Each structure stands twice: as C-alpha cells, then as structure tokens.
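Structures given as structure tokens follow.
In the two assemblies presented below, chain A is common to both, partnered first by chain B and then by chain C.
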Partner chain A sequence: MIAKRDLQKIFWLLLLFLLFIAPALLMFWRSLSPGAVWPELFSGEWNFRAWQVIFSDGNIINALINTVLIGAAVVLINFLLAVPAAYGLARFNFKGKPLIESVMMMPILIPVLAIAMGMHITMIRIGLTDTMTGVILIHLMPTLPYAIRVMKSGFDRLSITWEEQSAVLGVGRFRTFFTTLIPLLLPSIRSMAVLVFVISLSQYVLTSIIGGGQVSTLPLIYYPYFNSADSAVVAGFSVIFVLLPMLFFLVFEGLIRLYLSAVRSA
Partner chain B sequence: MKKVWFLGVTASCILAACSSEDEQLSADELAEKDWDAIKESAEGAEIGMYMWGGDDSVNRYIDDIVVPHLDENYDVTLERYPMDAPDFLNRLMSEKEAGDQDGTADVLWINGENFRTAKQNDLLYGEFTHLLPNMEEYIGDEASFVHIDMGTEIEGYEAPWGNVQFAFQYDADRVDDPPSTMDELIEWSIDNPGEFTYPNVNDFTGNSFISHMLYSVADSPDELEEYDEEWLRANEEELWSKLNDFQDSLWREGQTYPDDLSQLDQMYADGEVSFTMGFNEHRAESMIEDDVFPESTETIFLEEPGSIGSTHYLSMPFNTTEPEAALIAINYMISAEAQIKKLDPSLWGEGHVLDSDLLSEEQQAEIEEHLGDDAVEADADIILPELDSRYHDWIIDRWEEEVVQ
Partner chain C sequence: MLMELKNASKSFRDTEIFHDLNLQITEGSVMSLVGPSGCGKSTLLRAVAGLTALSSGQILIENEDMTTVKAEKRPVVMMFQDPLLFPHLTILENVTYGLKYGRNKVNKTERIKRGRELLEKVELESYENRYPNQLSGGQKQRVSLARALILNPSVILLDEPFSSLDPELRHSIRTWVRSFLKRENVTALFVTHDREEAMILGDRIAIMKNGTFCQVGSPEDIYHHPKTDEVADMFSEGIIYKGEFISSGRLKIKTADEPAAEETALGAVINYRIYKYGLPFYAVTIEVSGQEVMIHSDQAWKREDEVMIAFRPEATNELTAVESEK
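After this line comes the complex of A and B, so read on.
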C-alpha cells in the first residue's frame, strides 16, 4: 500500500519530468531520428548526421568555450555590481532613490537593438568591437537590471536584525557580509546566477553586432539553422543549449558548497 | 583610481586610432596594380566573409572547397562569419558612421534589396569586378544579371556568384497530376483543400510566389520589365481576385500563412502540405539525401508564367583591410573550377553564372555530367527576369490589405 504522501510525491515528480525533462529528451530523439512524420516516432533507422554536422563545424568547440567563458564572466560582473547596488537600494533612503531605481531598470524597458546600435559606435571608438571584452560588457545590458532586482528583493526579505546582531557581537561589516549575509542570500544569488547565465547564453543580436561574428558563440552558429528545414540539426543544437545551463548549475553548486565549507571552518 | 581609468580610456583610444590608420587601397589605386602584384600583396592575408550560415551544404562547400584552395594556392586564409545580410548591413552602417576603416569582413554575400541599400549608403568598396580576370574569362558581359540586380545598376560593385530558378517541390505519393501552369495549380489547390499554401509575402520566397502571379496576370513579361505603377493600378484587381479565389482552399483556409520558407519546408517535411517551393531548382536533392524531405519529392517548373531566375552576388565592404586578398577569393569563387564544383548536389547543388560560350568543351562536358540526364533544368524560354525590388515592396503593402483582410 502506497501512502498518500508518496503518491503525491510521485505525481509531482512525474509532472516535473513531463514539463522539463521530457521535452529535452524528445529533442534528443528527434536529432537522431530525422524524417519521422508525426504520429510515427521513429523513421526506421538511427541517423547521426545532425551530430556530425554540429561537430564538423570547425568553430563549434571554440564557440562553446567562448559561450561558457562569456556567461561566467557576465555572472561574476553582475554579482560584483548588483550586490552593492541592491544593498544600497534596500538599506538606505536617499534623495532621488526612485529616479536611480528606474534608471537601473531602463535597459530592459528600451528596445535593446536601439541601445546596441548607439553602443556599437561608442565601442568602435574605444576599440572594443570584435573583442570578448566588448561582448561581455554588452551582455551586462540585458542582465544587470534583472540581477539588481533579484538581489534587492533578497536584501528586502532579509531582516536588518541579522546585521545588527552581528555588529553587537563585534563582528566587522566586511566579515558580516561574507559569513552571514552571503549564506543567507544564497537563494537569491542562485536564481540571479542562473537567470543571468541563461540570458547571456541566448544573446544573438547583441553578440553579432558587437562581436561581428569574430567572437563566435553558440547562438551565432545555431540560430541561422532556424532558417532552414533541417529540424534534426536544430534539435541537436537545442540539446546542447539545454545542457549548458545544467552544467553551469552543477559547477556553480559545487563552488557554493566549497565556499560554505570554507566560511564555516574560518 | 580615477587616473587608471583615464589611462585606460586614452590607451584604447590610441589603439583604436592606430588600427584605423592601416594602409588601405581604394578601388582606383588597386586598378593600377596588375594581377600578379595583387596576388603578391594578398599573400599571407587573413580575410573574413559575412554569409548566412544556416545551410550545412553551403557551409561545407566553403569549408571543403574554397578555403583549402585559397590556402594552398594563394596563402590566403578565409574564415566565414555567419550573419544575415540585414544584420551585417546594420553593422557596416554603424562602422561608417563611426568612421571605422578597420572592418571585420572583406567579402560579403549579398543581392537584391540589400545590395540596393548597401550601394545607396556607400557601404560597398566600389567598382571592382573589372579587376577580376575570371570575370572576363568565364562570365563575360552578355547576361543581364551582370548589369542589373533586381532593378539596381550593378556598375561593378558586385560579382555574380550563383544563379537559381524558382521551382515547386511536391510529394509524388500524394499528388498524381502535378500542375504545369499557375491556373492548374490554383485548380489543384481548390480540388485538394488544405494541401497547398505559400509563405507570408514578407518572406522572400512568399513574395516571389506573388511575383509569379503578377507575371501570369501580365500579357507578356515585357510589361513588368520596368516598375510601372500605372500598370499595377490597372491590373491589380485581376491579381487579387485570383488570390482570393483559392484562398479558402489553402492550408488552414488561408487564415494564416507560414511565416517563412523554413516553416513551409518543415510543414512539407512533416506531411502537412503536399507542396513547397523556393529558389534553387536543385535544393530538393540534398534535402532528400539528408532525410529532411521524403524520397518521393519531385521538382517542377510552371510553364506558364514560367520561372523567375535569381542571382546572388559577392561584394566587398567599404572598410575591408585586405582588398587584394578579397579580390583573389572572389576571383576564385567565380572561376569555372569553383562554379562547376558548386553544381555538385552533394556539395551545394546550385546553378552557375558561367557563360557557356566562353567555356572549353571539356568544361561544358563537366557541367553536363554534374547535371546528369534526369536533373531538373528550366528551359531557356520559360526563364523570367527578376522583378524590380520596388515590386517587392508594393506586394508587401497591398497583400496585407487585399488578401489578409
């Protein structure tokens, strides 16, 4: 006899599987079995052509490395900029605060393309086009507003009494930040990192305008295939696209564990 | 801290300025060099090419044929940057505005409307095709596509690279009596509701389908040779009534249209419709080989009104840093050797731009061999010239009003 609670658990797991894992598996299936016409699922033979196409592109490895490096750098810079900004917005009241808050949200309210064209000219002048640095900087535009939002609500939820208690015990502000605030803010940091990584991962227009095709990332190779009927190749690329954030999340979790154990032993 | 920041900005400004002072020859200066000198100064150069990257066989043709040849014979390294024409034009526009002479790409794949935009905004290098030996040797100046690209005078700003015909693909398992004229196609669609549709006219292919309709309304193709608004006003009624006549029989009763050709192709591949269409009469071959299209796919042309031929070109941006190497690359890509290899359906499989009168018998035999006996080929008398690109805009404007609403 299965307990009611177990049944519920199975139901939720099944739902999660159907919503999140099954589509990715279906994509993987499609990349290996092209030409199958719905409702037929299998065309009769396994076919690895899509994966051959993907990995025979001389740029793919380079593009994957670039994508991960850019994504990681964008997450790091977002963290460095968003945490102080969010802290300031959440903990202090000052003149013009609403104005500053709305300026910080501006990049996602104005069409990205319009800003990118103007930024492109500036980047040409300071020599940042076609470079990885330029691409990383431009990726801050669609990510930083979200990062600040997420971190600010993290600080808002966190009562100031934690910091006060720490101060009463004579712990310096710096130390309080690293040993108390960061562990308490982990849920926000986690969602900020994944959100930022996924947004950076899916930038096509910004990367192509600023990177000029010279800074090759996964979307630059992947998106043109959407303009073809080759659904097997598109399915294959989509699988890689799903795997990257998962991989990132695993590495990120590992780093968090390391950090926490370092903080505890310190 | 402030100081460091200031230093950084100055340093990068200086860097930017230095790199833009690189020596770059204008088209006129290049013209004074002879071909051997151009070859010599191209040696060791690295060049980039902006081109759409969504077709595996096109990419393979560049990577497996063009790149190795340039590397072995001229010591020129070619890299392709996948980017759509409107995207790279935007980029060039900003670079022009910022006065950036140190461009990323050296060769562009372009035609039609985009060429007109690029030429009007001075985004191209200039007149260069007369410098290419292979232009004279294999292409000549007889063909009209050497002079006009969808109503825009070419004036040596781009070199023809490939010729494709508009054709229809159908599934022979589902269509017993393929239509051979536009009227028969309309009839077929009325008899087989839901089995035919065409892409939205904002898509190039969908727009070209309507262009064929325009040709079938016209008494003779000459009527459309030049953009003529009066003619359009007098005859558009007939065009829209033709389209409205069979709209109900289209896929989803014509309430919606596929956004672009790739969507129509996918619908065809999934068996949702029985027809697809598009430029390049050989495009079905590699699609069948890759298991995208069913094996029973056949290609046809409509004898009435005919088949529009489209040419695409290679050009150079205004801020190429290696014009000599770009010339070498373009010269090779329009050579008989490269053009004949491009015919091979396992590589790319699209029509050449060569003038057969200028070719040796051997080369002609090779072309015959590639095309084979059963290859689809449009008879010369059904080939229609491409319409002026202003018709393209007119179709987009009026179609929404007359057909969608």
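After this line comes the complex of A and C, so read on.
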C-alpha cells in the first residue's frame, strides 16, 4: 500500500520530469536518431553522426570557446561593478539615490536596439567594433541592471550587524568583505552569475552589431544551422545550449568551494 | 579606572539620544545598564564599541582616549542580541576569527591552541568541528562569548545577549555567564531591561531613562534607596508616600483597628495572592494613590478584603523633589 503522501510526491516528480527533463532528453535522443518522431521514437536507427559534424566544424568550436569566454568575462565584470554599486545603494543614504537607482535600471527600460546603434558609432570611433572586448562591453548593457538589482536585494537582506560583529572583533572593512560578506552573500552571487551568464549566452543582435560577424558566438551560428535541414545537428546544437549554463554552474560552484576553503585556511 | 565616560552626548539629527553621561567602571567589575526601550542604553553601548560616534564628550579606556578610534581598533568587543556566528565557519573557526583576521594576528598553531582553551572554558570543547546551525541557542551564545573573550578585550559589551533565548535557558545561562565573567575577571558593561538580570550580573547598576542616568550605585542601594520615583518604578518594589519611598519589606497588612499610633496607615484592597520563594505575597491596591504593590503577609487574606497598609515613617528615603511631583 502506497501512502497518500508518497503518491503525491511521485506525481510531482513525474510532472517535473515530463515538463523539464523529458524534453531535453528527447532532444538529445533526436540528435542521435533524427528519425525519432512521436510515436515511433525508438524504431529508427541511431548514431553519433550529428555530434561528429558539430565537433569537426571549426566554426562551432571557435564559437563555443568565444561564448564561454565572453560569458565568463561578463559575469566577472558584472560582479566587480555590481557589488560596490549594490553595497552603496543598500548601505548608504544620500541625495539623489532614487535617481541614481533608476539611471542604473535604464538600460533595460529603453529598447536595447536604440542604445546599440548609438554605441556602435562610439565603438567604431574608439576601435572596439569587431573585437571581443567590444562584445563583452556591450553584453554588460542587458546584464548589469539585473546584477545590481540581485546584489542589492542580497545586501538588503543581510543585516548590517554582521559587519558590526566583525568590526568589534577587530577586523577591518576590507577583510570583513572577503571573509564574511561574500560567504554570506553566496545565494545572491550564485543567482547573479547564472542570470548574467544565460543572458549573455542568449545575445544575438548585440553580438552581431558590435562583433560585426568577426566575433562569432553560438547564437550567431545557431540560426544558420537552424535553417539547415539536418534536424539531428540542430538537436545536438540545442543540447549544447541547454548544457552550457549547467556546466557553467558546476564550474562556478567549484570555484565557490575553492574560495570558501581559501577563506577558512588563510 | 578601566573605563570612563565623560559628558558623553549623542544626538541624531535633531533628536537627542543621551546627554552628559558620566560613568566609571573599575577593572574586573560588571556594570549593568538598565532602562526601558528607547532610553538610549543600546546607543550608548554602540558608542563605546565605536559603531556610532559621540556628538560630544569622551570615552576613555585604560586612560586612553578612544572617542575617535575606529571600532576595529578599540580594545572592546561587543556581544549582540543574536549570537551572529558565521554560518560558513566551524565553531573553532568562529572562535578564532578575530585572531586570524583581526588587529593582533596570531599564527595557526597558537590560534587553534587558544581557540580550544576558550571552547573548554565555555564547556563546548567537543563541538569544535560542528557548524553553528548544529548548536542550540544557548550554546551559540557561549561560542559568541568565547569568540569575544579570546581577544582579551579590556571591556566586553553585552547588548541584551539573553533576550533571544527561551526563559528556562535564559535562567541558567545568565548565572553561568555571571560566574564565568567573575572567574575570568572580565570588565563588562551589560545592557538589559530586566531588573533581575541586572542584579544577577551587575556589581553596580546604572538606571537610564530619557537619555540620562537617574541613579548609579550598588543593587542594594538602588533597590532600597531609589533616588527618584522613576527609579523606584523601574527598579524597586514598594510605594511612594508623600515624597518618600517605602520599600515593600517595610509594609505590613493589618485590619483597620490594628495599626499602632506611631504608624502611618493607608486604606487598601487585596487583589490576589501568589506564592514566591516559599512565602505568600498579596497584591494590594492603595486606595488614595491607586498604586499596586506586592506585600508579604503570614496572615490569610481574601480577595476584596479591605485592609490597612501600615508602616513606620523614617524619612530616610526622600525622593528628589522635582521628579516626585508626578
């Protein structure tokens, strides 16, 4: 006899599986067996041809590396800029604070294309078009406002007494930041990093305008592939898109572990 | 004098929090700071810790002027209402935090040695590798105390450190803390709104209200001889009669014809009876003033009994005129 609570649990797990995991698995299966169409999912033949195509295409490998590098750099710069900004907004009261807060939200309130066109001209002048640096900078636009928001609410939730406790134990502000605040802010830092990485990963227009086709990222070559008739390759490509944020999260989690153990053994 | 306040004042914008406070704490003694919430006692503690600046006046610790010294540079540690143990560090790492990152850094072996010593003193040596979330509230406060005392502060500041504990635990830990502070000869400034706690921990007591000290003295002195009716209200048990404070211990419940000629007698009504410390106490309302007071009596009285409250006037407890006008 299965208890009612267990039944409920099974129901929710099943629903979760059907809605979130099954589609990804199905997509992976499609990349192996392009003929797999409902209801004959497992009747066709299967092979690794699509994955061979993907990994032998220099463009894809190049785009994959670019995407990861740009994503990581954007996350890092977001962190460096958003944390001080959020700290200032959360901990200090000053004249014009609401104004500054709304200015910081501007980039996501104004259509991105309008800004990108203007930025394009500026970047041509200073020679940042068609470069990784230019693309990284332009990716800050749709990400930084969110990063500041996420980090600010993190600081808001964190009572100032933690900092005071550290201070009365004789620890200066700078050290307190690294040994106490960052570990306590990890939940916010995690969501900030994942959010920023996924947004960066999804940029098409900004990358193509500023990168000028010279800086190739996954979204840029995703479209041409999507139009190709090879549905197995498209499926494989999509799987990469799904896996990339997960891999990023795993690596990021590893870095966090390293950081924490460094804090503790320092 | 280990710690001294000289005309310490603090205002926040236009609001005065406290003004012209003078206080001296001798080495190894505990000063309890009692007052209702909003009287400025916590702000005073924060000012001593260096977490907020004085508007004027001075804070001296071991004869050195600390008024403008940063919090992390003062030889003072504060314990907050919550234990605030760092959740990402083990108990031992929490205790040694200040030795590791603070002003006087100590090498790892020494740090661990002293950390274990302190954990032993607070009777938690077997918990060194646990994390804060595996400890009870009282244990956490003891770790917090160890984390503070490992730094050998000149003064330890306690900001109602028992208020987040449940009553039973509170009872046992405050007795424990008292004997611990005495054994280690720690100088402490202890803020509370609880009279009993103030008496248990404090060698001396400062009663604070509306940003001033109403009275500073030994617990006995304040309890038996409150200087103002506010102090009497807050700290003592008894009644105020014609500007004089009469301790509950001097009051007797009698029937109407009983009082002797030299006694003052006031009409009163019995409200209820409770037992405490093995004795019956009666809650009595004095008719003329409406004051309620608890009085011990070995005679049996019933609810609603009309009685006389008798005492011999001694005129030794006159309250200062201005404040007794109420």
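Definition applied: the second predicted complex is superposed on the first by the 229 of 266 C-alpha atoms of A that agree within 3 Å, B and C clash if a C-alpha of one lies under 4 Å from a C-alpha of the other, contacts with A are read in each partner's own complex, and residues count from 1 in each chain.
Convention: a residue touches a chain if its C-beta (ideal position, glycine included) is under 8 Å from a C-beta of that chain, and two chains touch if they have at least 3 such contacts.
Since the structure is predicted, the reported quantities are computational estimates derived from the model, not experimental observations.
Participant: Output check: A:Ala232 vs chain B and chain C. Expected answer is one of first, second, both, neither. What do you get?
Facilitator: Only chain B; A:Ala232 stays clear of chain C.
Participant: Going by the touch definition up top, name the partner, chain B or chain C, that contacts more of chain A.
Facilitator: It is B that touches the greater number of chain A residues.
Participant: Looking at the overlay, does A:Pro98 come into contact with chain B only (first), chain C only (second), both, or neither?
Facilitator: It touches nothing on chain B or chain C.
Participant: So, A:Met117: does it touch chain B (first), chain C (second), both, or neither?
Facilitator: Only chain B is touched by A:Met117; chain C is not.
Participant: Report the residues of chain B in contact with chain A in the complex, numbered from low to high.
Facilitator: Touch list, chain B to chain A: 9, 12-13, 15-16, 19, 48, 50, 52-56, 59-60, 63, 81-84, 87-88, 90-91, 94-95, 97-98, 100, 104-105, 260, 262, 265-266, 268-271, 287, 290-294.
Participant: Can you check the complex and tell me which residues of chain A touch chain B?
Facilitator: Residues 34-35, 37-38, 43, 47, 49, 53, 56-58, 117, 120-121, 124-130, 205, 208-209, 212-214, 216, 220-221, 223-233 of chain A touch chain B in their complex.
Participant: In the complex, go through chain A and note every residue touching chain C.
Facilitator: 161-162, 164-173, 175-176, 179-180, 183-184, 260, 263-264, 266
Participant: Using the touch rule from the top, collect the residues of chain C that touch chain A in their complex.
Facilitator: Going through chain C, the ones touching chain A are 49-51, 70-74, 76-78, 80, 82, 84, 86-89, 93, 97-98, 100-104, 147-148, 151, 157.
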